[in-house]
Structure formats: C-alpha cells, structure tokens
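Notes for the one structure printed next.
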Amino acid sequence: MRVVTFGELLLRLKTPEYLRILQSDTFEASYGGAESNVAVSLSMLGDEVSFVTKVPDQSVGLAALNEVRRYGVDTSRVLLGGSRLGIYYFEKGSNIRPTSVLYDREYSAFAMAEAQEFSWDQILKDVDIFYFSGVTPAVSDSIEQAVRDALIYCREHFILVVCDLNYRSKMWTTEKAQKVMGELMNWIDLCIANDEDFESSLGIHAFDGDMAHGIDQIDTYKEGMKEIVRRYPNCKSVASVLRNMRTVEDGDWMGIYYSGGRFYESPVHTVHSLEAVGAGDAFAGALLHAIVRGFEPQKAIDFSITASVMKLMIQHDFNVVNEAEILRIMKTKDVNLQR
Amino acid sequence: MRVVTFGELLLRLKTPEYLRILQSDTFEASYGGAESNVAVSLSMLGDEVSFVTKVPDQSVGLAALNEVRRYGVDTSRVLLGGSRLGIYYFEKGSNIRPTSVLYDREYSAFAMAEAQEFSWDQILKDVDIFYFSGVTPAVSDSIEQAVRDALIYCREHFILVVCDLNYRSKMWTTEKAQKVMGELMNWIDLCIANDEDFESSLGIHAFDGDMAHGIDQIDTYKEGMKEIVRRYPNCKSVASVLRNMRTVEDGDWMGIYYSGGRFYESPVHTVHSLEAVGAGDAFAGALLHAIVRGFEPQKAIDFSITASVMKLMIQHDFNVVNEAEILRIMKTKDVNLQR
Amino acid sequence: MRVVTFGELLLRLKTPEYLRILQSDTFEASYGGAESNVAVSLSMLGDEVSFVTKVPDQSVGLAALNEVRRYGVDTSRVLLGGSRLGIYYFEKGSNIRPTSVLYDREYSAFAMAEAQEFSWDQILKDVDIFYFSGVTPAVSDSIEQAVRDALIYCREHFILVVCDLNYRSKMWTTEKAQKVMGELMNWIDLCIANDEDFESSLGIHAFDGDMAHGIDQIDTYKEGMKEIVRRYPNCKSVASVLRNMRTVEDGDWMGIYYSGGRFYESPVHTVHSLEAVGAGDAFAGALLHAIVRGFEPQKAIDFSITASVMKLMIQHDFNVVNEAEILRIMKTKDVNLQR
Amino acid sequence: MRVVTFGELLLRLKTPEYLRILQSDTFEASYGGAESNVAVSLSMLGDEVSFVTKVPDQSVGLAALNEVRRYGVDTSRVLLGGSRLGIYYFEKGSNIRPTSVLYDREYSAFAMAEAQEFSWDQILKDVDIFYFSGVTPAVSDSIEQAVRDALIYCREHFILVVCDLNYRSKMWTTEKAQKVMGELMNWIDLCIANDEDFESSLGIHAFDGDMAHGIDQIDTYKEGMKEIVRRYPNCKSVASVLRNMRTVEDGDWMGIYYSGGRFYESPVHTVHSLEAVGAGDAFAGALLHAIVRGFEPQKAIDFSITASVMKLMIQHDFNVVNEAEILRIMKTKDVNLQR
Amino acid sequence: MRVVTFGELLLRLKTPEYLRILQSDTFEASYGGAESNVAVSLSMLGDEVSFVTKVPDQSVGLAALNEVRRYGVDTSRVLLGGSRLGIYYFEKGSNIRPTSVLYDREYSAFAMAEAQEFSWDQILKDVDIFYFSGVTPAVSDSIEQAVRDALIYCREHFILVVCDLNYRSKMWTTEKAQKVMGELMNWIDLCIANDEDFESSLGIHAFDGDMAHGIDQIDTYKEGMKEIVRRYPNCKSVASVLRNMRTVEDGDWMGIYYSGGRFYESPVHTVHSLEAVGAGDAFAGALLHAIVRGFEPQKAIDFSITASVMKLMIQHDFNVVNEAEILRIMKTKDVNLQR
Amino acid sequence: MRVVTFGELLLRLKTPEYLRILQSDTFEASYGGAESNVAVSLSMLGDEVSFVTKVPDQSVGLAALNEVRRYGVDTSRVLLGGSRLGIYYFEKGSNIRPTSVLYDREYSAFAMAEAQEFSWDQILKDVDIFYFSGVTPAVSDSIEQAVRDALIYCREHFILVVCDLNYRSKMWTTEKAQKVMGELMNWIDLCIANDEDFESSLGIHAFDGDMAHGIDQIDTYKEGMKEIVRRYPNCKSVASVLRNMRTVEDGDWMGIYYSGGRFYESPVHTVHSLEAVGAGDAFAGALLHAIVRGFEPQKAIDFSITASVMKLMIQHDFNVVNEAEILRIMKTKDVNLQR
C-alpha cells in the first residue's frame, strides 16, 4: 500500500536550549509540518509514502525537501516554484513557561500555489491512502480548493482519506474552519480529533478547553466521537488523544479509537516530555501504519499512543523511531501504565 | 516615574550544560549582577530605568554595558574607568548536586571606585526610586560610603529607597553586614528580606535555615517582617519570598508582602526550575514595577512572585519576560496553585 | 550633530563556516541592513545617531531592534507594527566560489508600511544629517514615497542629505532605479557611487563591470563622478570605492572623494578579507563621521577607506571598530600601502 | 596505598542533547570504560592510582590516555601498540525512551593484546589493590588469560583483589560469563554485584530483573550476597547497589555492604538523573577509596552510594567530584532520604 | 542513462577547525568515501545514480545511507548486515602542516562481505555505467572478487566501466595494487589516473612524486596516459588531474583528457583551498556527468576540472554544487586562468 | 635530563572565530603562559619536564593544572593557594586587523605569592635545566625575587639557566625591565632575544621596530647577539627569531643561533599563520629539546624554527606536535624554503 500526504513544509528556527529569541544569536534549523511529519513516521515504520507539497526551487526549499527524502520519503511528486519557504520560529517553554511558536508562513510558495498546479490523477496514481490535516486547507483559498479536488479524486478512485482536524487558531477563525472542514468531512473516511478540534473545526462539543483535565472528560469526548460519525456518515472511524497536562512537560496521555461502533482505549502513559512538537503527527503516522499493516483496533490505538508518547522524547518535528522500538516500549515494564 | 539601580555588573562565565569547570573548554559569557538584573526587569516591563555602576573602559567592560543597554536600560550615567570587570564562574547543579558559584570580583573597577566619583546630584536628578541590594555595600568600604551618600541624598530629595537585603556570605561576615545594613535601614523605605537575610543582615530571627521548610515557617517569617518595621520606622513595607526546596530544581514558592500593617500572601507555585540565578532580582524588579504602576498590594505580591517563578525558566541573569506574559501566567490554569 | 538613517532592518541567517544551506542544520542569526549598519558605525565612532525603520512588534522584530540599540544607536523613533521581519540567507563563498545571498524580504513590515506612517517633522526634529541608501526606495512604492517625503522635508529644513546609490539587481530593474534615483538625486547633497551604481542607478558610464579591474579604470570613474555633479547641481560631492578583486577574498581597495571640484585619492589597500558584507556601509558611516567631525577631505577619504577595509576583517553586518582603532591602522606600517 | 585498575579504554561518541544518531552531525567525544572510570574516581578522591590498558600509539589512543592522565591517574604502565581504539556510540534516552549504547569495540588494540604482553611483576610492583570489572575478561580470550595471570600474581603477593562483576550481555553469554567469573571468583577478595550480575555472572538468584522493584527485593539480594561468600570463601565481602527505577531518570538508589558477616545498609536516595553512565564505577571507586582510607563499613557504604548518586548529575564517564563534595552531600538536609 | 557506483561508505570524524585530535572534545560527523562521493556528485548534477555498498543494519550504518539518500542518490540496492561501519579520523592541516587522515576501517561490514552477496544481475539491471575506484578492491580479497564479478558482468552486458585508480598506500602495497589493478584494467573502458597512481597502481612512470611540480611534468604524464591505452586496449580513454602544490592550500590545478588519440587540456586554475578531501571524486563525478550528457571532450575536461576545483571550497566529502554553478564559474572572469 | 620551567599559568578566554568581545556570547577557554607552553613542548617532544607555578586551590586553578598535566608535564611541584587565576582575553586579528590581548592578571595567586614560598632546594632537586622567560620577573616584585633566588640556587648547583627575554610592555616599563633583566643576565647561560627584546630588556640596539623588515636587519641582529655575549660573560649562547611580517598572518621566519662564537642560520620559512600565540615559546621549547638531546647547533636552530613555525598552524597556546612531525617538515619539499 502506498500513502500520499499533502501539506506545507516549513523551515523551523529554534533557539538553542530554552533561550528566548531576544537572547539568542543562533537558530537550530530543521524542517517539518504536519503532513511531512506523518510521511517521515510512515517511512521510519517501513511503509511506502510520498509527500506532496510545493517548495521554491532555491537552496532553502531544496534543503527542506532533502531533509524529508533523507528519511526515505518519496519526494518525486513535489512541485518546485514560487519564491519563499514558510518559516516558524520556536521557543521551547518549560514548566509554567509556555512554548512559543511564531509563524512567518504567509506568502509562501505553497500558500500561493494555484489549485490546478496539482495534477491529482498523476499524484494519486497507484495510491491507497491520502492524508492531510486541517492545517492544509487553512493555508490559503487555493490550497483549500486543491484539497477539495484531491478528495473528489479519492472518492472516485476508492482511495481512503484520513484527516487530522488539527485546528490552528493562528491560521483561520472557527467560523471559516467549520465551514470548510464541515464540507470536507463528507469525503473523509477516518478522522482524528484532539482537544479543541471538535468544537473549533466542527462545532461539536467534547472538551471544555482545560488541558489539565482532558482525560477526566472522556465521556464527553466519546459523545463527540459518536456525533462525528453520526453527522458525517462517510466517516466511519474517529481517533482521539486525551491528555491531563500538569505543566508544559508533565502529563498523562491516552488514545481512544472509535471504529465499527466500538471504543478502544489505550493505557494511560504518564510522562515528562522533552519536546511536544509533532506528537499529534506521530499519532497520526502510527495510526496510518496500523491501517497499512492491518493491526487490530486495540493494537492500533495502543501502538499509536505509544508512538505519540515516544515522540515527546525526540527532538525536532520528525518521529525518528522504528517499529521495533515502539513495540519494545509497549511490552516493557519501564512504561508507567496507569488507569 | 524613573528608577535608578546601583550596583556591580559582572561577567558571568558558565560552563555549557552541566559540565564542571574541570571538564569544560568553553564558557558561555553573559553579564549580570543583582542591580543590573533589576534594571533589565524594569525595562522589559516597560518602565524607565537607569543603571549606575563603574566598568573599565575596555572591551569587556563595554560589552557588559552594551548587554544592559540592549534591553533598553539607560546606561548614560555609568562611570568608565579602572582596570578590570569582576567575574563569577558558574556551574549549574541538578537535583542533589548543588549549583556552584565562584567569585573573582575582588579589585574590580567598581570595588576600587571612590565614593566621591558618584555625583548623586546628577545621577539622581529627576529620579523617583533608588534601588540597591545588600550586595552593593558589601563590595568595598568606598562603595559602602557611596551607598550612604546616595541614601542621604534620597532622603533629602524625597526619593523612595528600596533595598533587597541579599546577604552574601562570600562577601562579608554577618557582623559586618549587620553593622552596615543596620545603619542603612534607617533610610530604606521598602525592604526585601529572604531566607537567611533576616538573621545575617539584621540579626532578626525569622527562618531556621532549612531550605526544605521555608513556607512551613511562615509564622516566624511574619514575626520577622513585623520586627523589621518596628525596629526601623522609616521602613514601612517588607516583602519576602518563602520556599520549600526539595531538590536544586524542585520546590514551592510563595511571596508575602507586609504593607500598611497588613500581610498579603501570594498563591504557592510548585515548579521545577531551569536556572535559579536571578529569581530574587526578578522578584524585586517586578515589585518595583508594581510600585511604579500603583498595583494594589495583593496584585503586587502575586505579580512579583509570578515574575520570580517565571525567571526560573529563563536562562542567564536577566528576566527576559514582558508584563503580558506574566499576567497571562497569573490567569491561566496551567499554573499549579496550591495552599 | 545628530544623524538619522532610514531603511530596512533584516534578520540575517548565515550557515556556519562555509557550509551550504543544503548541508547545514544551524544558522547564525544576526541583524543588519545598509542603513542600520551605517547607524552602528556612527555610534561606534562616538556620534549621535538615530535609526528609523518599521519592525513587527514580536520577538524577532524586537530582537533586531535590540541588536541595534546594543551598540548605542537611538531606536526610539522606530515604528512597531506589521507582521514579518525581512530575512536574508547568507552562504559565505571563498576563492572562486561566490558568496551567495538569498533574499526573503518581500511582504515585510517595512515594505508594507505606508508613507504617511513616518512623521518626518517628528523624526527629523533637531537632526542635521539624513542618510539612506538606494536599497530603501527599492523596497516598495510606499517606502519610495516615504523617502521622497523625507527629502522634501530635509530640503525645507536645511538637513544635509547623504545617499549611497547601492544598486541591487535583485530588488528592482535598472529602468526603475534610474527613474526613481534620477529624481531623488535632486535633493541629495552628497552621493556615494560604487562599481555598477553609476550605470544602473543613474545611467552614467564609469565602470565596465569587470571587478578585477576597477582601480585600473580610475579615469572613467572620475569622469563619472564629474558627470554626477554636472547633471545634479544639488549634489556637490561624490565618493567612490574602487576595487581590483582577484578572488572572493583578495583584492586592492581605494577610495576617491570628489569635493569642491577636486579629487582626493586614498592609498590602495591590498587585503584578504574575512567577510565582505557591509564594507560599503562602513565606508559610508566613516564618511558621515568625517563630515560630523569636520575632517579635511583627504583625511575624510583616507579614514573612510580604512574603516571600510577594517570591516573586511569583522564578522556580521556591523563594523564594530572605534575611531582609535581606525586611526592606528592609518598610521601603522602594518598596512600594505601601494600605488 | 597504591591501586591498579585494569581494563579497556574506549572512545565514547555521544550525540548532542537527546539527538538520535540518525539526526546528528556532531559527536561529543569523551573517553571512558569501567576501570578507567574507577581510576579517575580514586585520583579525584586523592588516592594514588595507576590505570593499565593497551591503546594504539596514534592520536586517538594517546588522546584517550591523556584524558585519563589529565585527572591525575598514572598512565606510565600503559602499553602502546595495536591498531584501533574501541568505540561506543551513545544516545541518551529520557523517560520511556531508553538510553542506547552501540558497541564498536571488536578488534581493538586491547582485545587483540596477548596475555604475556602484560608483565604483572612490573605492573603490580608496590601495588596494594588490584581492581578489574567483569567487562575485562569478556573482552577476549587473551585478556581473560591476562586477568587470570594478574590474579595469580596478586594472590602470591598479598595484593587485595576487588572486582565488580559488571555483566554485559552484548559481550558474552551467561554461560561463558559464569564459567569464567566462577573461576576468577576464587581469587577475588571483595566483589561488587548489581542487579542481574548475580544470576548472569554467577548463576545465583537474587533479583527478578524488574528494575522498577530492585529495592523491594532486598531480602533476596541479601540471600544472594550471603551465597557468594558461602560459595567463594576467598571473597569475604560483597557490595551491591539496589534500585527502584521508575523512568530512565527517576529512581530510588541504595547500597548494601556485606562484610564480616554483617549487612550495612545506606539510606535510600531518590533522584532524577542527568546521565546514568558510570554510576556503578563511581560506586566501585568510592568503595575502593573507603578501603584505602580505612572507613568503617557503614561510612564506606554511605559514602559509596552518595558518590554513585552524585555521578548521576555529572556528564561523561568520569565522576569528577572530590571527597569534600561527597561528604557535604552526605551531611546536608538537601538530600532526599527515605526508608 | 543510469550509473551505479560501488565502494565503501565511511563515517568521517573531523575535529572542529584545525584542532588536533589530542585537543578536541568534539567530532564533526559526516559520511563519505570515493564512490559515494561520485554518486552524490552525479545526483547533484541531475543524473540518475545508484550507490551500492554494504552497511550494518544499525543506526550508524543507516545514518550513513540516509546522508547519501538525502542528496538524491538511490540507495535501494544497498546490502544491510555485518557489524561495523568503517571510520576515518580527519585533522585538517594548513600551510606547512599536513592534513592527517587516520583509518579505522578494518573489519567493516563492507570489508567482510562475501563476493557472492552482491547479485550483479539485479544490481546492474538497466544500468549503463559502472564506476568504482581503486580503493574498492583494496578493501579486502572478497571485495576484490566482487569487483571482478561485476566487471565480467559489465563486459557481457555492454555496461561502460569507469575507474579512478586512486592508489592508497595505507590500504595495500604497490605490488598487490599492480597485480590486482593490472588485471582489472582489462575490463575498464575509461580510467582516471592522478599523481602517483600511474606508478603505484600500474607500474607506469609518469610523475616523479614532487607535488610542487606536477603540471611541470605534463609531458611525462602524457606519455603515461598513452602507455595505459597501449598496454590495456580495452581502455580507450584516460583522464588526469595535474597539480603544482605550493602549500597545503595553495596550488595550480589542471586536467588532461586523452580520448580518441587526442589530448584535451583544461585551463590552469590557481586556487587556495578550504578542504581538499574529495576533489578527485568531484573530478570523476563531473567526468561521468559529461559522458552521460555527451559533452565534447574539451568541454568534458574543462567542466570536470572546474567541478574538482569548486570542491576545494566545499566542506565535507560531497561536492554539493549543481551544474549551473559550475558552468557559471567556467564562464566568469573571476576564475584565475593561467598558462 | 630533567627540565623545570617557572612562570605564571593563565586562563585564556578567546572569542570564537574572529568575533570581537563586543559581539560574542561565548569564550573558548584554554590555559597557557610562556613557561607552561615551553613545558608542554618538551613533554610532547618526549622529555622529562616539571612546571612550577602557584595556582588557587579551586576549580579554575585546578583545571589549569590539569590541562598542563594532560600533556604529560609533571605538576607535582606546583603550589596551591591564593585566590584567583590570572586571565587574558584574546581577540584574533587578521590581515590589517591586529590581534588584541587584554590582560586581567593583576592580583593573581602567582603574582601575590611570596618569594620564600618556593623552596628551590626541593623544586630543583635532580634538575638539569631551569627555564623562565622575562614575563616571570615582570609579574611582581616578590616573583622577581623568587627568580633571583632560583638563579642563585642554579648557579651553585650547576643547573643550566635558559631565559627568553620576552619583553611585555603591558607588564613593566623598559627602565624596570632593563634594571631587572640586566642583573639576572649574570646568571643566565643561554638567552633568547627576539625583536624588541634587545632594546627593551637590555638596552642593546639590534632592531628598528619595523616588523615588516626584521630579517632585512640580520646584520644589526648579529651585532646585538654578539653584544649580549660580550656584556654578560656567563651567557655563552644567544638565539633569535627574525621575521618579515607583511600582514597579521603572512610573513617570513628564520632563526639564528649564536654559539661558540659562531652564527648558525636556519632557512627562511614563508608561511601564512592560523594563530600566532606561543610561536616564541615553541621555539624556546624546541631549543631546550635540542640541548637535552645534544643536537648539533645547525640542527638545533633548524629544528627550533621549524617547531616555531609549526605552532603557527596549531590552535591555543600549546605546540601540540611531536618530534617526528617536526623532522618530517624539515625534510619534505612541501616547505617553502627561500633565501
């Protein structure tokens, strides 16, 4: 099975250690973005995956592509052109100091690409699964249209569509998000919804916004998951990560998978994280891997939450862990399993 | 309102990460000192502040000044001259390994400055608040005299005097400290006393020296605060930080503000710190800001302890956070409020 | 005398050593731009100078401002607002490998500022000299208008206007440049023209484009300088840097100053450079200093070319050298004087 | 008293921070190995100690030796020759992500040394204590023979033999280990056995392999210690470290010393570690120091476990702490003593 | 056209800047080897190329592969297995201090691979050109046999064979080299011979070993090139790089290409290099590119020597430059063309 | 033969690359000083050498000692005590930008040591050669006395005394230097005098101060050398380094050795240096090695100047090269020999 992921690739500029941008004269440069992160997860897990985006044909754009290719992702379907690669600045928080992300992604080559530049019949040839997150249609109107085109193509060619709702308040309003995602949900087969995504992307209540008490609201979460399937009949499965976060680093993490009318709950992992970026993408990547490999639902959710929690101990955007490492953590007594 | 802070500016040489000096072939160079740290806090919070010191007119001295100016502090009243900038070497500890500070500040340009080099009538022109910490008079006899001259000038010109007692056993004995600070207290309007400062600087018992149980001794602290006001009638307010420290990084922090005959207690923050240097200065800076802006006492102490605890997640000496960030932490549920 | 410089401030992202962007996972972050560089030169030389620009009111914008303020430049007249700070990526070349600069400065806060945001009557109050380079009007139409407004104000208030033509082919065409600069020249009192600037900015032939033989064309250069003064009567003086560059690092450098109808030529410096960025701005800053201090024309050009050549041994955009250091190099036998 | 330690010295290549080898383009280079670590501990504690090994006579081998000599260890008895220095690659784990060690030590100069290259009558002249760990005989058959030769020499010359069993599954099987160590135990006077060493090296059951519950099994540990003394009459004392590890960093640590038919138990230290490498060697080094200085058994075990726990806050292989620092931690209230 | 290159991939550990291994506590880690370098050159130039080797299936081996893949080389034909990746330590020299390379490549996965592990019918399917250097058969007897097998396959399937003789005195003797290479030459279509390769690999005199006077011996070089074609009739073309090296960095470089009975000589480039590693491989890669694209012989040699000289300004093993950059240098006046 | 060197050991704080102190937030920390540098040279060359100084008994002092010990120098005769280690800040210049050294060495443990703390009968027991440079008596009056005591002891015990005059204008005046060195010369057997040392330390004219033309003044140098031997009959030999320096890095270097009434001149080395610190100490160390090993005078001076020139390509204070490396450079054609 071959997976295609579609979204924007960004340059990430992180200050060293916990320095503020006001203090630092160096940036660690890495590359990432929800859909590239998912693609690298799949490649690290041994699956065939292509990442589709548009980057400028200059050294920053090519360096970004090379970094994705380095981990084994096929980049031959990427468009080259436009003038700039989007950027996000990253200050790592700790304890009560929140992590800070500053976007500089407007006017990027991807955001300014026209919908018709993406030839879906070629891009999606011989593809079995199409993945994107809610970040992608939020990038620009033309990219929103490109997603719509892709989903129509997928529907016609029996390509499974998976979407992580991934609401970003810095990119669009809840009104716009609900309008767009509400429409796109009609073509989505499997949806991932975390935290505020239910409300912000779909207008469905599931979580009151208190990150310290996500797991405690498991019942409303389940109601929200059921409501998604009820409202969007094409969407047969929903997965969510629930968290009780005590500080920037300390929290409990669990996954729920609603599929075939049943709920599958993972154990709760209590962890202290190194870097929270990309944990959701690691969850999505692992869940796609579970689908590609045909894992049972319970194993799928256990595997996915473990991969997600592993990412908390990996620096940069990509979840550089392989399947054997995830399975070993699932089995070992070293994990702190509660509940 | 304009604030002037007066004290020594030091070069700080820190080994990378947690390396010992015996292991390291690099030092991270930053600059700081109690009163420069307070000045930067004020500038970051949007207040007008001048820092007064003496540094040698060579590149190390000027680099130190530039670093303070970078954050918006006025340095036009600084004296240039003398031959060396004081240094402190810094090894960061962790858990049971204590942080280690090694002073190399003797014979510095500041320590060797004569009292009369500081023309207080010019330095304190149009100034509303004068701040120094107990470190300053401990530097040398001539600097002690300079402080005395400044305080007399302040008294005559209705300039509010704020002092953090800040006892340093590596710089003077308790006998000397008590003699000097006991005299200076007569000109101080607001005093900050933490931990052993009560005993070492003023000979007043408030704390038994067990850092694991500071908050538990809140009652004797309050007695000590009252005793200060009783003994030094010019000093109408006292603020203190109380801590229960479990390891080098883990502890509970709270602030008390005794003002107008009433105690105002902040919530307790339970945090794991990145770097403890300058937390007291961040507290002092925030308290000065509260005075400049006319915060109510309860808001003042809540704001000050939050600023202080934020500093625990900021590297180097300066508390590089702005007012909005502190207010956001005060409101958010992400803080761990106990008691 | 007070100088104001007006232009864009950029984040510069340089790979370490000579790494290509394709190879590097770190960027050295510094800040610069022609007019901020000139401002820092003046401040390092002991002059009063304000830098005027617009930066976004977020950490990258403020970090840029702080860096300029660190060196003593007044930044109180800077506008805050807009969304992004322009960037330039920088790969350092060597020998036959050219240095590579990649701009990502479109849509910056400065480029998108409206002309009327700059209140010249306030910005230029009590100012004696106004400086900008040809980069500034190339930024956008609104900034071009802001420059025009400033020059009109200067003319009316007897403020000396100095401009480095500084043609940048990546920012505008020669047609556009000639049209705009041709008009602005009518308000410029002193102009700096280097290499291709004569032709590209003003359509005046002076140099055939062969960087290996700039000094060899000194006669056509002189003709060009005379032609500028003839064509634009308000412009009474012209200064130029002439170079014979053998490799990226090796070359001969000299300055010519045409003033009062006479040519003043500096000695030729044969040097191997560390980093060529900002050498022209260092020349401009030193020439402004010479004007502020009333140097004789011969000393002015000797001082300016020495400052410019010193910059070749200083990393980053700013020429962090003081007057004493430049004078020492002018006197010492260690300089390689030829011709 | 003079101590000799005998074993392999390795180049350690660690990725910066928590980077995976797949992500990193830099390695921090340090040097270590169980017996060199013990030697450095002794030297830091003020004892006379020589380290014996064989390293290639090229820059990597000499750099390794220099690093040991830097800390005051005598290296004049080291053999030079052979072609390569063994290496271990090191990825630091965190929380649920295990630390990863990858050996590249086969075919090293030490492993390929012949037993007769070591002239024990010269090496052990005027020596009082000989130390090696179970890693040494696991290196190769010839080194195993060298150990045997050394022990015979020690027996004949009344040199005390101390061994940390230190089982390494990546170097030999339990069958081979039990065969070899079972024989060598007849010449060992004091043995250190931790965790799985009892079972893997000697076939004695003491611990069920669950690192989360080592201290909880103190009774079977004690049985195992007694069984060692019973089975190997020459071995009169046994020391062990017991741990309850909750995550990679968090755990409880205690030491037991069985000597003269009595058990001496240290307090339990609850700590969060920075780097776990070498904690066992720090324990061994401190215990040897206690023997050299004639500490009472209770003080010996308290001192040794404190030294071991201190190492958890020190980077690299060597325990760069002195005696005063360890004694201070033993006395202070800052340590978390439980049980 | 598709190219396959076959050889060993090594981890390169370089000290920062010019530090000696005795001084450094960090290594810059990169990956390279003659044939991987050639493969990356081809990929950067836009050609289809596969690199074939064997690396251990652990993180160091995979990191090496990823680095090659990052630049677009196909690595799907690489064998995984064995236990270690070969290493070379690298100290960069300067001026009179020679660069120092220390091999630690014995017993590597590649060296210990059996000849029959390489299934040439699969590896060379649809391949047009096979490239290896003289380093490959020097690795081990089994790899020498693998090369022989490959060449026989190529002969039978009309695959062009290109070889850079690349003699390495640290890997084999001239006797062994001449015996092996003498036989392999019968299957080689195009051979690159530099400096001492003529004598050491083939026993043909062309160069007296004085690196300061390579170009000065152009006539004996030409005789040597003719002798190769005479002695090995299958080898129809020979290319060489000639150098006059004055210091470690300063020298003159030119290329000669003997093809179709004619000599084609490039201009001489006089350059100061940053890093000399891989310049020969850059020459070979560019020459292969010239063959793939059907460049005329004169353009082929001019292009190849320019690519080689460009590599002198690029850090690490790979020549990270594209075709447009090379062509620009060939045209520009910035190059120093002599002779 | 055993050599003792006596002098101050300093912490050297160097900015990275060519950064100015005003620009840098990191210092590279290394340790050095004329006499420690000579000691390390001797140890690297295989000789027995002890370094004698006084350093504070805290981590900075011990780190300095460890660094010397690391290279094999005996440090067992060093005094511990006092409060601070002297420092020098170092900015590396290039081309016309001079290297800048800023001393912060006043009030160091060494400078404040009393003469009688050095027990010369113990320190110089079994010693054959005593070395110091003119820096040592310039440190303080008490150290000047300690040197005098040592020389008297040497005279009485037939210990050869070698001194590099090493005048430092930042430490004393020429008057003071001439008075002190003039007296000490009566006990010195072999003296090294470079550049301005003749005039500044002894009042003998040999060089006009123009560093661009040192070698050109070889005749007056020779007169100066003869004058030294004439004036101080105990001093039977004089060695000098002559230089024509064109830029900070480019120059010609040669050595002259006047011994037994004859002059021995080395070839001239034309080099481009990486770092000029310690080249004189490398010369002195190599000359001492030549004496220890009994080299003929011509070989002695050739060897010494080669070692000195090698140091120009080695970073930090110590000349980390061995004898084989120096001999190889002396023989190879890679060196640029002129004259």
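Every chain is named by a letter (A, B, C, D, E and F) in the order it is written, and numbering of its residues begins at 1.
Convention: contacts are C-beta pairs under 8 Å (C-beta built on N, C-alpha and C of every residue); 3 or more make two chains touch, one makes a residue touch a chain.
Nothing here was measured: the structure is a model prediction, and the numbers come from that model.
K.L.:
Treat touching chains as neighbours: how many steps, at the fewest, connect subunit C to subunit D?
P.N.:
2
K.L.:
Enter the minimum step count from subunit B to subunit C; a value of 1 means the two chains touch.
P.N.:
The fewest steps needed to get from subunit B to subunit C is 1.
K.L.:
State the pair with the higher C-beta contact count; candidates are B-F and A-B.
P.N.:
When the contacts at B-F and A-B are counted, B-F has more.
K.L.:
Cα centroid separation between subunit A and subunit D, in whole Å?
P.N.:
Computed from C-alpha means, the inter-chain centre distance equals 45 Å.
K.L.:
By residue number and range, which residues of subunit C touch two or more other chains?
P.N.:
20, 22, 25, 66, 71
K.L.:
What's the complete list of touching chain pairs for this entry?
P.N.:
Chain-chain contacts present: A-B, A-C, A-D, A-E, B-C, B-D, B-F, C-E, C-F, D-E, D-F, E-F.
K.L.:
Within their complex, state which residues of subunit E touch subunit D.
P.N.:
13, 20-22, 24-30, 58-60, 62-63, 66, 83-85, 87, 89, 91, 100, 102, 104, 106-107
K.L.:
What residues of subunit B sit close enough to touch subunit D in their complex?
P.N.:
17-20, 22-23, 93-98, 210-212, 245-248
K.L.:
Name, in rising order, each residue of subunit D that touches subunit F in their complex.
P.N.:
Per the stated touch rule, the residues are 66-67, 69-72.
K.L.:
Under the definition above, what is the set of subunit D residues touching subunit B in their complex?
P.N.:
Touching subunit B: residues 71, 269, 271-274, 309-310, 312-316, 320, 328-329, 333-336 of subunit D.
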